[in-house]
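To start, I am sharing the structure in question, which I have written as structure tokens.
Which chain is which? They are A, B, C and D, in the order written, and residues in each are numbered from 1.
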Amino acid sequence: MIDKRAASAAEVVADIPDGSSIMVGGFGEAGSPVELIHALIDQGASNLTIISNNTGSGEVGLAALLKERRVTKVICSFPKTLNSTVFPELYREGFTELELVPQGTLAERIRAGGAGVPAFFTPTAVGTPLAEGKESREFHGREYVLEHGLTADYALIKGATADTHGNVLYNKTARNFAPIMATAADVTIVQAARVLEPGAIDPETIVTPGIFVDRVLEVADPVHESRLVAEGASYP
Amino acid sequence: MSQATTLGWTREQMARRLAQDIADGSYVNLGIGIPELVARFVPEGRTFIYHTENGLLGMGPSPEEGAGDPELINAGKRHVTANAGAAYFHHADSFAMIRGGHLDLSVLGAMQVSATGDLANWSTGAPDAIPAVGGAMDLVAGVKQVFVMTQHCTKTGDPKLVEACTYPLTGRGVVDRVYSDLAVLDVTPGGFRVVELGPGVDLPTLQERTGAPVLPAEVHHGGTSS
Amino acid sequence: MIDKRAASAAEVVADIPDGSSIMVGGFGEAGSPVELIHALIDQGASNLTIISNNTGSGEVGLAALLKERRVTKVICSFPKTLNSTVFPELYREGFTELELVPQGTLAERIRAGGAGVPAFFTPTAVGTPLAEGKESREFHGREYVLEHGLTADYALIKGATADTHGNVLYNKTARNFAPIMATAADVTIVQAARVLEPGAIDPETIVTPGIFVDRVLEVADPVHESRLVAEGASYP
Amino acid sequence: MSQATTLGWTREQMARRLAQDIADGSYVNLGIGIPELVARFVPEGRTFIYHTENGLLGMGPSPEEGAGDPELINAGKRHVTANAGAAYFHHADSFAMIRGGHLDLSVLGAMQVSATGDLANWSTGAPDAIPAVGGAMDLVAGVKQVFVMTQHCTKTGDPKLVEACTYPLTGRGVVDRVYSDLAVLDVTPGGFRVVELGPGVDLPTLQERTGAPVLPAEVHHGGTSS
């Protein structure tokens, strides 16, 4: 019998070692797996590389992980947002390195990593500083730059509904990077508000098939990052 | 220069003017900031379908105060709604739409636009700045038409339309048309060419505030009716 | 108002010129847009390049189009199946050229074409005759071959349910190549058993967003190729 | 050679033997033909999830006669069913699972397997043949483990396990293990190594019918109970 449910947030992140690369879903707060990130803070792993579109806001979730000085590198398209002060300080201090990637190239690199494609050509960033030093080539009279697939040791993502086989549905624009990150990590860990029995989800509607998911944790009533930030909360 | 504040179009008039140039049924991505105003001035009888790169086609207006869903946001992280006929998708699919040339129009803000259509809109290159690029480089590289919507000059009076950008580029030769408070200008093989001058703006005034030669056009002179 | 519905099968394919490249959805009979193909037979375009996983069976649908000597090239992974006699004859005669592509490479080339990726590296076919003459390169100690994105002038695909904005749902394994072909063609033409008003389909479940679809034709009760073949039918 | 028909395993026994080597919870793609038999012999207490490359994970057995849906088929174009927990997806996503190394096991038939794990199973290279490759090259390039399930020799008695394939390759160095009617053999850096001999098969007999050296193994001799 296949049952990917985990009993606790602590259990689900217990084996993540220092030095891991971790993809973290979310675009702004939408889709940010705050409970999994907080479990990772409690767990203690450090020297992490985080692959995520943003760097969190306030002092909860991803920003709190950074504030604990546990992240030495971020691969990211937009590391500054409203209420984002933690990353800028660590970046200026030189503690956290930044690899800046155009958002669509970040998405395509993750998708390629999950699909067994080691490298591809893209028109994005040609002629800009972000293409400097990269191989380029002309196809059909236009210049393209070579970009590489991106994989990670772990992915932490937030779904809306899952089943015990690891099939996942998302809520609206909280979907964003999660489905592709699930394909590109060795171990994909999902928090979902509901975890159902196999067959409860219409197979035509599944966004992330269970083959990409290793562990599922039910978090029935997840926090909203913006509400925590508005309340001035900090973690831990 | 003392009349600068009364010359040309307001932001709303710029948005209205730009909206007139979008065909019915177009798929449009509006950048964060001034470009978002365009959605308020859709011409009678036309429908535009809005794409937001964080995974929604068919984006609708902001919800009532307090009715927002933290998981239904736009690229600027603001609460939005979804219209009938909308679709959600993941980021790789969203940027496949962008990079694959499926969107008809991208409207973006600018720090600088060059006479050859180079765009700089993501970084001043200042050494202490936190670099952040988002999806702008993908939009200008992939979308069929790129319109820039911007004040003609910076707050300190420097021209934003220049011979060559001094800020780091977002894309090379990507801008098709500029909608400023002073004029609508096409980027042509010969450089900037006037499509329309704003109310009270004449060619010498426009040239004075532009950092590259401006070619005249046989166009009617005047703003939009409003 | 956006309404992509067409009034008739004749109208929906009327502008397809001689020499067009056309992607045709389907894996075996599942997802084969038989009514659209028959309309194309009636329309008369010739010297076509067909991109499809198979070459049809019997003397209906894709096989019938081939039999009418209207297809001079096929790009395909598996051009012979049970009851497939038309293509083998045309191929041996030298009338129809074949570009044989591994199935996953065909899918990825179509997906790349639709996503603005001109070329990518893949491990598939390395060391085989299908990689001969192609550029190869080592990444992380393994050899990969360079493959190119594939686009077409038209795509003919079969959905289950669509709406007037061109959003499409599919039925089970009839989905196969249709969603990626819809992204890779200049003009995508969909036949669907039901065409609804916008909003009738849950936006979380849409497989092909309307941006990829140009024309939608309601074909309420589509034929099944295997039944036609069993009956010995031929078209026209 | 007169006892050839009584030596070794039947097809069903081969399938049962192979199924014993698949871990509980594995994601498995079974090739068309003999490999499909494996699904009939899932060991007690284990669950395998079957992938079919035409867009279904969680494939179930064939439906009752007459109950098939022409739009629910496997890669062999035969009617199948979907189990609870199944998911449908498109071809690019399906081959992302394959190429990206997400499937645990691919079981394929073979025309030839070389001592270095090369596989030939799609073409005899005959000049009048219609070339057709399907998804085999993707499966062997992407899936974590590749098992070949085949008769040890061709119908005319030629060995299928050879020093070097003479037919066009499906993949180079891709086969991990071979399940034939005569033996289970690993492909090792030293060549074919016996894991288990079929009932009534001894090493000299196996060697005689194999076109490359066969290394012995310390294994129990005998078939499965059935």
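The criterion applied here is as follows: a contact is a pair of C-beta atoms (placed from the backbone, for glycine too) under 8 Å apart; a residue touches a chain by one contact, two chains touch by 3 or more.
What you see is a predicted model; the values in this text were computed from it and never measured.
Each of A-D and A-B has its own count of C-beta contacts, and the greater count is at A-B.
We define each chain's centre as the mean of its Cα atoms; on that basis chain B and chain C are separated by 37 Å.
Between the Cα centres of chain A and chain B there is a gap of 30 Å. Between chain B and chain D the centroid-to-centroid distance comes to 57 Å (mean Cα coordinates, whole Å).
Within chain D, residues 82, 88-89, 92, 95, 98-99, 141-142 each touch two or more of the remaining chains.
Residue positions of chain C touching 2 or more other chains: 108, 111, 115-117, 122-123, 170-172, 204. Touching chain pairs in this entry, ordered by label, are A-B, A-C, A-D, B-C, C-D.
On chain A, the positions that touch chain B within their shared complex are 27-31, 53, 77-82, 87-88, 91-92, 98, 100-108, 110-111, 122-130, 170-180, 207, 224-227. Contacts from chain D toward chain C in the complex involve residues 52-56, 69-74, 77, 82, 88-92, 94-95, 98-99, 118, 128, 130-138, 141-142, 168-173.
Against chain A, in their complex, chain C makes its touches with residues 108, 112, 115-123, 137, 139-140, 142, 144, 148, 169-172, 202, 204-205. By the touch criterion given at the top, residues 25, 27, 47, 49, 51, 57-58, 82-89, 92-93, 95-103, 141-142 of chain D touch chain A in their complex.
Per the touch definition, chain C reaches chain B in the complex via residues 1-2, 111, 113-117, 163-165, 167, 183, 197-199, 203-204, 206, 209-212.
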